[in-house]
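Take a look at these structures.
Here come two complexes built around chain A, the first alongside chain B, the second alongside chain C.
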Partner chain A sequence: MLGYTITQWTFGILSFLAIMFALMVVFSRNPINSVLYLVLTFFCIAGHYLLLNAQFLAVVHIAVYAGAIMVLFLFVIMLMNLNQDSEPQKTAISKVIAGVIGGLLLVVLVGALRGTEQINLTQYGHSDIGLVKNLGRVLFHEYLFPFEIVSILLLSALVGAIMIGKKEIK
Partner chain B sequence: MINGISINMYLMLSTILFIIGAIGVMARRNTIILFMSIELMLNAVNLLLVSFSVLHNDSSAQVFVFFIMAVAAAEVAVGLAILSMIYRNVKSIDTDLLSNLKN
Partner chain C sequence: MVEFIIYKSIICVVIFAVSLGIAAYSTWWERKFAGLLQDRWGPSRAGWWGLLQPLADGGKMLFKEEIIPNVSNKFLFVLAPGLFIVTAIMAGVLIPWGPAVSINGTSYPLQISDINVGVIFLLGVTSIGVYGIMIGGWSSNNKYSLLGAIRASAQMISYELAMGIALIALIITSGGTLSFSEIVAKQDAGFANVVWQPLGFIIFFVCAMAETNRAPFDLAECETELVGGYHTEYSAFKLGLFLFAEYINMFVSSAVMAGFYFGGYNFPFAHEIYNAMGLQEGSWVISLIGFGAYFVKTLIFISVFMWIRWTIPRFRYDQLMNLGWKSLLPLSLLNLAITVVVEYFRGNIQF
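On to the complex of A and B.
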């Protein structure tokens, strides 16, 4: 097909969709639409993980991001009754400035990265480092202490969120 | 025929996603959209970490991605709790109205 392999086609389509949905996240007026587009972006990124043969990470990504974090966002938006388009917008000048800053950053980064060496991903599609067996071994052998620290972090975030979010008792 | 993609394409894709997130942080006033843009930037970095882990055939980067996901979850939980408290007090989540600290 036009000289491209099926992997390249998949990569191109997934990248295009991810960038389109990411733009829609930033530029859609309604926060609900932003959340839904962000979920679609996450699905595209999970497709990239599958393409990179990181299957377990793709599943975890969908479960954690699309399943948990985005539902939290939706709850908060529903709770605050923000699902309307009447959000105050920034002034045009600050939007233009944001666009210019972002464009300049893009030019600098692309210019810096363009000259790098073109290395093909040789392990592409036939490496088993993304499988749960291998990842579990690395996680529980080399990174056991950070793993425990992360569990403490999650616990403290849980306690902190409840402490901040509860109504003050007079 | 599976070696058709170079690391540069992933570098470019991650850069573009990161900058879209950065523009979202700069250009919007809704705090929830700011949070979503931050998530977008974190995901761009995650994607780059995974692609480099495949390049070097090393699992460590994918373990780091787990930690980044856990930190992002904690950040979102605390951030949204703060946001709901702000909404309860100010009745708005517009960033331009949250300037009490300035005076």
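On to the complex of A and C.
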């Protein structure tokens, strides 16, 4: 088909959808719709992981991001009951300032990208690096120390969240 | 390639049809069972023993008036029931219904897709299932619906943790595989997993009941407090889809439990019986018998779900959360610790 393989077609369609949904997150007026578009974006990215033969990462991505984190987002937004009436009015000056800051950020990002050299990626034919067995071996052998550091970070975040959420003890 | 597509299409259609059929007749069996427990007949008018009752119910749902609330988000309102039923059916792709049939030397497993991270896929699908309820509850633009949706999602997130940890213990027992078909195949020799994971099974069972929103965990549609919960504003077949999806969920989670903890298509002395009957490995008769064994186990689990629903009254919401966070989560961690020690002495784990 037009000189592309099925994988390339899948990649193209998934990328198009991912970018479109990501734009819809920003452009949709209703925050609930934004959250739902973000969930769709996550699904597209999970598809990309599948193309890289990283099934574990893809499924965990869906279970954690789409299944847990976004549910909590949706939860909070539903409880706040945001709609057009209760949305705070933005003045013209805040819009101008936001536009300028966003534009500057774009310039910085483009400038940073211009300075980089292109990396020659090594292409693994049928890489099994994303399978659970290999991932576990790498994580618990080569990267054991960073892994433990990350788990301590997560633990401290957990303790912090419980401390904030706890009732005051009198 | 063509053969592969035909085989996958047939198995998809068959499993889809069986899921829907079982879900439809679960509604009949639920009412018969309730009748049995409450010493009355249950449905008895439509057909012999009320066997046509599901069709009558479906027809009634189809011909009712369709009401969409004026102020709701129409697109999401219509989308929600469909989304809910799709996620309910999706977990069914993992279930290995029987030993593989071999035709002309090619082996055809009775499973739609053998995903090598099947267990995590299962967790992912169950956690996505909550979107149907949440979107439905929110787009109804009704306080009761919203409260029901929020209860459902909080409950699902809470019980998923204990379920996940119970599954980790199960994975250790089955030698570190994440594939559903391998977990079932490992129970061929030796005991079913429930022998090594009794506590894990109980935790998983309670969590499965909470995830399917069945009584006594049906706080999301608690009539005494929330009118109808998340489906208060739904009518006609959209309501039907919500109720139907609950039965599909129940069917799939029963099948998952039968596969994970009770050996799936394996049963005691299976090989002796097959040998006595003079059957070859890969014969379709073996697959049929295995499928029958799996199906009977699944139906028993569905009946147990119903038995519990008609026996135990509904929890209070704080009791539900306490059970999830203060009992099941520590118990599942304890189970994990015990499993690691036991499996070390059984030789499944080396340090």
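What we mean here is this: the second predicted complex is superposed on the first by the 122 of 170 C-alpha atoms of A that agree within 3 Å, B and C clash if a C-alpha of one lies under 4 Å from a C-alpha of the other, contacts with A are read in each partner's own complex, and residues count from 1 in each chain.
What we mean here is this: a residue touches a chain if its C-beta (ideal position, glycine included) is under 8 Å from a C-beta of that chain, and two chains touch if they have at least 3 such contacts.
Computed from a predicted model, the values in this text were never measured in an experiment.
*Asks:* Considering only touches as defined above, state whether A:Gln55 meets chain B (first), chain C (second), both or neither.
*Replies:* second
*Asks:* Figure out whether A:Leu36 sits in contact with chain B (first) or chain C (second), or with both, or with neither.
*Replies:* Touch partner of A:Leu36: chain C, not chain B.
*Asks:* Could you say whether A:Val76 touches chain B, chain C, both of them, or neither, answering first, second, both or neither?
*Replies:* first
*Asks:* Hey, is it chain B or chain C that touches more of chain A?
*Replies:* Looking at chain A, the partner in contact with more of its residues is B.
*Asks:* Which holds for A:Ala68: it touches chain B only (first), chain C only (second), both, or neither?
*Replies:* The answer is both, since A:Ala68 touches chain B and chain C.
*Asks:* Report, in rising order, the residues of chain A that make contact with chain B in one complex and with chain C in the other.
*Replies:* 60, 68, 72, 79
*Asks:* Which residues of chain C touch chain A in their complex?
*Replies:* Where chain C meets chain A, its residues are 73, 76, 115-117, 120-121, 123-124, 126-128, 130-131, 134-135, 138, 146, 149-150, 153-154, 156-157, 160, 176, 178.
*Asks:* Once bound in the complex, which stretches of chain A touch chain B?
*Replies:* Interface residues on the chain A side: 4-8, 11, 15, 18-19, 22-23, 25-26, 31, 34-35, 38, 41-42, 45, 48-49, 52-54, 57, 60-61, 64-65, 68-69, 72-73, 76-77, 79-80, 82, 87-90, 94-95, 97-99, 101-102, 105-106, 109-110, 113-114, 116, 118-127, 129-130, 134-135, 138-139, 142-143, 146, 150, 153-154, 156-158, 160-162, 164-165.
*Asks:* Would you pull the chain A residues touching chain C in the complex into a rising list?
*Replies:* 30, 32, 36, 39, 55-56, 59-60, 62-63, 66-68, 71-72, 74-75, 78-79, 131-133
*Asks:* Quick one: which bits of chain B touch chain A in the complex? Just the residue numbers, please.
*Replies:* Contact set of chain B toward chain A: 1-9, 11-13, 15-17, 19-24, 26-30, 32-33, 35-37, 39-40, 43, 46-47, 50-51, 53-55, 57-60, 62-63, 65-67, 69-78, 80-85, 87, 93-94, 96.
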